Amino acid sequence: MATLPLIEYDDAGPEVRAVYDEIMELRGTDWVNNFWKALANDPKMLRRTWESVKEVMAPGALDPLTKEMLYVAVSVAHGCNYCINSHTAAARAKGMTDQMLAELMAVVGMASETNKIVTGLQVELDEAFKDGGRN
Amino acid sequence: MATLPLIEYDDAGPEVRAVYDEIMELRGTDWVNNFWKALANDPKMLRRTWESVKEVMAPGALDPLTKEMLYVAVSVAHGCNYCINSHTAAARAKGMTDQMLAELMAVVGMASETNKIVTGLQVELDEAFKDGGRN
Amino acid sequence: MATLPLIEYDDAGPEVRAVYDEIMELRGTDWVNNFWKALANDPKMLRRTWESVKEVMAPGALDPLTKEMLYVAVSVAHGCNYCINSHTAAARAKGMTDQMLAELMAVVGMASETNKIVTGLQVELDEAFKDGGRN
Amino acid sequence: MATLPLIEYDDAGPEVRAVYDEIMELRGTDWVNNFWKALANDPKMLRRTWESVKEVMAPGALDPLTKEMLYVAVSVAHGCNYCINSHTAAARAKGMTDQMLAELMAVVGMASETNKIVTGLQVELDEAFKDGGRN
Amino acid sequence: MATLPLIEYDDAGPEVRAVYDEIMELRGTDWVNNFWKALANDPKMLRRTWESVKEVMAPGALDPLTKEMLYVAVSVAHGCNYCINSHTAAARAKGMTDQMLAELMAVVGMASETNKIVTGLQVELDEAFKDGGRN
Amino acid sequence: MATLPLIEYDDAGPEVRAVYDEIMELRGTDWVNNFWKALANDPKMLRRTWESVKEVMAPGALDPLTKEMLYVAVSVAHGCNYCINSHTAAARAKGMTDQMLAELMAVVGMASETNKIVTGLQVELDEAFKDGGRN
């Protein structure tokens, strides 16, 4: 169980309820997940985090499904089980198939393998890759 | 500098040259980057890793640019500078713009923030997210 | 369950009991937590670790509550659930309030976000920050 | 060098300049560090991140120096060299002495050691630590 | 539960069964562990991963027990509970004693501690250690 | 450069010199590496860390070369460049060949890949692996 209490809608003040209402409206659901209920212990933190997530995950140069899969990839790299499950569910809701999930994991696994070998052997960066190929 | 010598084409045996030739052909380049030159100290490791990367990064349910961006995301999470630079360069070559890179980083950053808060508060997984929403 | 047996007081030899006694005395408790019971499989490792923890966590230039919160922050970054819970409990016992815990997590989250963006964009260090501002 | 260009004040549009002006004013400096110049490639990301950092690092239940040291601890755990140097410099500016820095690192090191042993031995959480001692 | 279904032998196609048969034969067991059943959602990923694991873990310049303990050490560093348990079990099956496990954890813990202190203090590499002492 | 000054022998007090003397004697060298010179800012931390390293790395149920390679593996997982280089050099001094280093990296890479796939797919632990096969 969480190290701070989860704040339910009925026990929440107006600032917290306002965020909960926005979350449910944007998602077309009638419930709010535990992450937000934990943040609600600090209403300013809840508001700030919600505003940021909304802005970052909105359609832009990258589409929402790609963003959701990137979120899963980072969560795997950090080993955050809650995040892996919740964002895998969100990616499925946006169209990710089982085969896409399998390939996502294959890339995450391969990147992890080569990351560690490069680091372990202290391979120096090629001139052509400097600045991420920006030059 | 690397903790194993980098094996140049001229100093390589036939097994290593065969892989180098395939890399250059597939990429349409006349050079091989340092990662492969470090692996070439163990020709079997070079061959196995190249076969795996080729298979994983091939077009499938996910397109090659999405895979490249996932690779970057994982490399950032692991803090592998070589990998960040080389795969950012690869993603650019496949069409990633500056704005796409900025949004990619925004997602990586936001995922990192919420990952840590969820973990730090030990938030329990919602029933609806169990199995990544597979149920 | 642990991958090594947990050594209970009644089953422990004199070296282990001596450490257990010190732990209980310093903490004013009549029980020892599982971490120490796992270490007790190797009495020298138990003794060494206990001596180090005692010395590191003692009041010094930093007060014990600040040290406990730093311990929590590192444990979150590493995703160690046992450590997060046990040191959050220890920090509460030393005066950490819910609001302090919420702010602690906000800092951990924000640091994680900016850490990853800086790394992902490979931002070069400003001259003024070289040596951690020691110059 | 960074994988996105660093935007200098003279080349920046009004949205970016407005944030740069606020940063310099709040800090009483006449320059802006590279992190913000990299973010400025996406003016909304710059604005959002600056607002968040300002709010999170403001005095609250935790004082600014404690927050800065927590920031350093997380940055060390993530191995972000830019972040370690810039926040160590910021912590020094807020009063951190060499002895405090040494003790900060001793705690970070000790936490890392015990985190890994607990994880490696898969030690189960004691009843008394459930919920971070909230019960 | 897993975010992809676990494929049982009776529900598997011939490509998957062929790998399962090889795993059971090489290990002298009549069952296959869940990791492979999850990979089997993508038969090519299953085949590729099995071939790689078999080759990497085979006796070579390092003996199989040393390789298994290295696997445990990496799994601890990444906080992968499944991996810690399964490879600790595999190491035990290859001769690792309780005392060896305790020393393995002592090294992992000590390495974690000094890793973080070195990183936190941004200690510069000594000339004699350049290239991992290859020079 | 380091965020704390490196304490040279000539500038050190008697407690620090005593540790430096022990390090040089045990290693049969006439110099001390930078890690210890950074720790020397806090003589108690220097003494404690040296005593611990000496005890942990001494021959026991695991031989010193195996311990050194485990140290390298953990350092790779954490991305600590100083540690990778210094412990690779130490492992070479104890007999590690280029082929052993290549296999070490192959195991570290493979472990990283499978760690992430297991975590990403949230594979549940098999009954037979509970408690690391201790049962």
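Just so it is clear, A, B, C, D, E and F label the chains in written order, and each chain counts residues from 1 on its own.
The working rule: contacts are C-beta pairs under 8 Å (C-beta built on N, C-alpha and C of every residue); 3 or more make two chains touch, one makes a residue touch a chain.
As the structure is a computational prediction, the values presented were derived from the model and not from experiment.
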### Task
Work out which chains are contact partners of both subunit D and subunit F.
A, B, C, E
### Message
Let me spell it out: compute each chain's centre from its C-alpha atoms, then which one is farthest from subunit F's centre?
### Response
A
### Centroid-based (C-alpha) most distant chain relative to subunit E
D
### Task
Work out which of D-F, A-B or E-F repeats the contact pattern of C-E, with more than half of the residue-numbered contact pairs in common.
D-F
### Message
Taking only the C-alpha atoms, how many degrees of rotation bring subunit A onto subunit E, rounded to the nearest 5?
### Response
120
### Task
Could you please state the distance in Å, as a whole number, between where the Cα atoms of subunit A are centred and where those of subunit D are centred?
20
### Query
In angstrom, rounded to a whole number, how far apart do the mean CA points of subunit D and subunit E lie?
33
### Query
At which residue positions does subunit D touch at least two other chains?
1-4, 49, 52, 56, 74, 76-81, 84-85, 88, 99, 101-106, 108-110, 112-117, 119-122, 130-132, 134
### Query
What pattern do the touching chains form: line, ring, star, complete or other?
complete
### Query
Inside the complex, what are the residues of subunit E that reach subunit F?
1-4, 6, 31, 33-35, 38-39, 49, 52-53, 56-57, 60-62, 66-67, 69-71, 73-78, 80-90, 92-93, 97, 99-104, 106-126, 128-134
### Query
How about subunit D: which of its residues touch subunit F in the complex?
79, 84-85, 88, 98-99, 101-103, 105-106, 109, 116, 122
### Task
Sort out for me which residues of subunit E touch subunit A in the complex.
3-4, 41-42, 45, 49, 74, 78-80, 131-132
### Task
Using the touch rule from the top, collect the residues of subunit C that touch subunit B in their complex.
72, 76-77, 79, 81, 84-85, 104-106, 108-110, 112-117, 119-122
### Task
Mind listing the subunit B positions that touch subunit E in their complex?
1-5, 44, 48, 51-52, 55-56, 130-132, 134
